[in-house]
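Think of it as A, B and C in the order they're written, each chain with its own count starting at 1.
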């Protein structure tokens, strides 16, 4: 019996079109725009100015305060300007715009694993410092600074590191390819993170629909015998959610509002682990990542190793160009990704995929009255009542929303996906969450 | 390039629709409909067609001319109301009564609350109970199934009449309800042959076939029907154990409207609770009330009343029975 | 049927009735809520539209709040006429301050021509939802989203979204200045401004705070913060802050010099008689309204 989480969950069609496409490097674009805020927390302060020459891997934005992350140039070239560039929402955010000239790397970055240095030669401080310097953030999409997640608050006792190789979003295959192509590097990275956390045990959670990744990781674990376990999981969305993954693997439940560390677990995405491996062994900052470019209407869906700051349009070009019937371009997967206002938006550290949806499938069906079929209640992985949260949200019953535990919602979209009346449940629940958040803020001082 | 469409996530939908669920229920009702035509002849079909047609007509008229909103009769819910209403009627009922029942079911039971999704009571049952109370004679003249024989219909008692008879005469129920006493074999209840009753309730096995279909298609969950069955078996079992004059569990499960009610009427999305725990309470309540009404009430059959009463409790159950939270 | 049955029925019915009445009486006594009698008096004076413009949950809510506070500090009905607040003050034995009658003004001019749409929004049709996730269908991150949260908030039916322009239109006669729409708009586009002499008003119909070039690129009639209007104004009523001009309606004398000075036509004049000279660039609204 394979492990999975309860309650709720759904089974969207996997549509992993690019799972057999090996990762290929994307040709360098003509110019990149590197946002100074690609993470949760305070935006980085720019260290370069218009006209500066930069090399790939050079620090161009410095982290501010504890919850922030460094930003590095992903290319070599000339800084054209530091200007407001539209992000996925269409709102303008400051970014460093660089004209690409050649591909020269900063002297501190070695392009290969430094030979001869054993794992145990790296101290905990050294590992944390390397991760901090490299500006690594959670690459599953949440983009929380990794350094902060590796420094558990005093008094907490991390006992288990979970590596998230679930990739439960339909269409996306970036993590899947990474596990096939870089299994050895991932294990080394995992060892580093275990050392940083001071835990003896790590589990890599992989869904059962990726047998090649499972086999590859298992083989690597056997070969290197590093005390890491590979745990196959029954396919169910949203298993990649932190709380769901912990529940599936350990059976422990993270209480509402608490972090995974409260049950002694820390979760990191495989992409993050790979970035940490590169940062520690090569001093290579997080300037490139694997992005899945996919969609049923694309002629060549694939996985591309792509520099941060590359316009989405370049990726779509590499995958065969934007089809004429395109309705939506999504950064991320179809369940939690963000529909883009334009293809000029750039890839950031948290962009796991670019999904193109034809116009015929892009539009929502008109919403009808709730028929109280309970399918949303059954689908909700947090055991909430989405139909009720939507009604309360529409009538602005903020206190009642809080009592109905709207803040537990992880915005996975299972309720919308399953609703036969096509009700935009999550739209309203999200709004309700922000209202309850404001209410809680006003309450705090008293 | 076209303008890109932007919307909050998720960007895909599972493809489920109100229509898919409603037509799923209709498909599940087909075996029972075939059985009733087989047993009661074309009269069964006429009643069903009259009920469906008038339910759709009234819904269309009310939406179009009274509420001035777009008509949604193609969503299949009015068809279900019509079929379920017909299944609760005797096959020999005058068609004008069928239409009147459909008007009450759609007009009062459904549209007066605001249409699909907003009604408190199961519309088909509102129609049926209205007819039962207003026209008791026509509503309780049960024809004995004679298939397509053209002779005049013969009326006879439904098996449930024997429940009260056994209690009145204080004889063990099995004695009263036997082929010798004018009753039948228990197995006949399952196949419906030769038993008087309403259109849809006589063939328990055909209804169970529909139940299996609904479960496979994930239109409903098992909670409500199973909890009703268990409650009926439990409460009738206790009574039967105390005094054999009370009918046993198997009789109660297979006779009357239990199967039809538990599988198709109590599970109506709109009027049943939202959480599994709530469904258990709701189902248990229906089972207990059914047994109470059947054994101690004035009417021989109590499923409709039991469901309507528990419909009224549904909002309260929803308020207090929350699904299991994640943590 | 014999007479004893009637008697028994009558007796048992009476007994049930009396018992129920006693229970009702006791319950009513036990759960009785003492309420300030002034609450009812105040509520009777309020318009009863429950518009929420005062920030309280309906008219009753405002009446309770006023009676409890025993003062009118920060509590006022924005929707009532001039006599409303003095009458309420009289109930409390207080003096009411005078209030300039106000009307809602929409400060966005980005219709489909001036602010072309670059994407199509297909989510829940509410401005707050779209605002939280997206800049909007056009390129202006400050402009009207056109999904009508203001219209839904209005208890008087005084504001609606015009389908051809995609912008809200205020029915000045119906608007009570209650500010419900002001609170409903997530982008702060609607302002309650003084109705002005003869209902005449001059205002900057834009809230874009981007630098001039960016604002102009997003919308043809955006305020670019050039400051020409401020220099032109003889009364010092116009301030330019963070690339946006604002006309203080307390100081404005309705001379309209700013209107013709604006290079983008962002400043609007309302309810003035048509000018003798043919206007270029400048928009006039509601010129058909009698002055």
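What we mean here is this: contacts are C-beta pairs under 8 Å (C-beta built on N, C-alpha and C of every residue); 3 or more make two chains touch, one makes a residue touch a chain.
All values reported here derive from a predicted model rather than from experimental measurement.
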Inset, instruction - Could you say which chain's mean Cα position falls nearest to the mean Cα position of the entire protein shown? - result: A
Legend entry - Greatest separation from subunit A - chain, by CA centre: B
Legend entry - Selected pair, greater C-beta contact count between B-C and A-C: A-C
Inset, instruction - Could you put a whole-Å number on the gap between the CA centroids of subunit A and subunit B? - result: 49
Legend entry - Centre distance in Å when subunit A and subunit C are each reduced to the mean of their C-alpha atoms: 42
Legend entry - Between subunit B and subunit C, centroid-to-centroid distance (C-alpha), Å: 51
Legend entry - For subunit A, residues that touch 2 or more chains besides their own: 90, 338, 341-342, 362-364, 424, 427, 430
Legend entry - Multi-chain contact sites of subunit C, meaning residues that touch two or more partners: 118-119, 122-124, 129, 133-134
Inset, instruction - Can you tell me which residues of subunit B touch two or more of the remaining chains? - result: 4-8
Legend entry - Contacting residues of subunit C [partner subunit B, same complex]: 117-124, 129, 133-134, 137
Inset, instruction - Please give the residue numbers of subunit B that touch subunit C in the complex, ascending. - result: 3-8
Legend entry - subunit A residues touching subunit B - in the complex, by the definition given at the top: 7, 10, 12, 90, 170, 243, 247, 253-256, 322, 324-330, 332, 334-343, 355, 357, 359, 361-365, 368-375, 377-378, 380-385, 387-388, 405, 408, 411, 413, 416-422, 424, 426-427, 430
Legend entry - Touching residues (chain side subunit C, partner subunit A) in the complex: 118-119, 122-124, 126, 128-129, 132-136, 139, 141, 210, 214
Legend entry - Residue ranges of subunit A in contact with subunit C within the complex: 84, 86, 89-92, 338, 341-342, 362-364, 424, 427-428, 430-431, 434
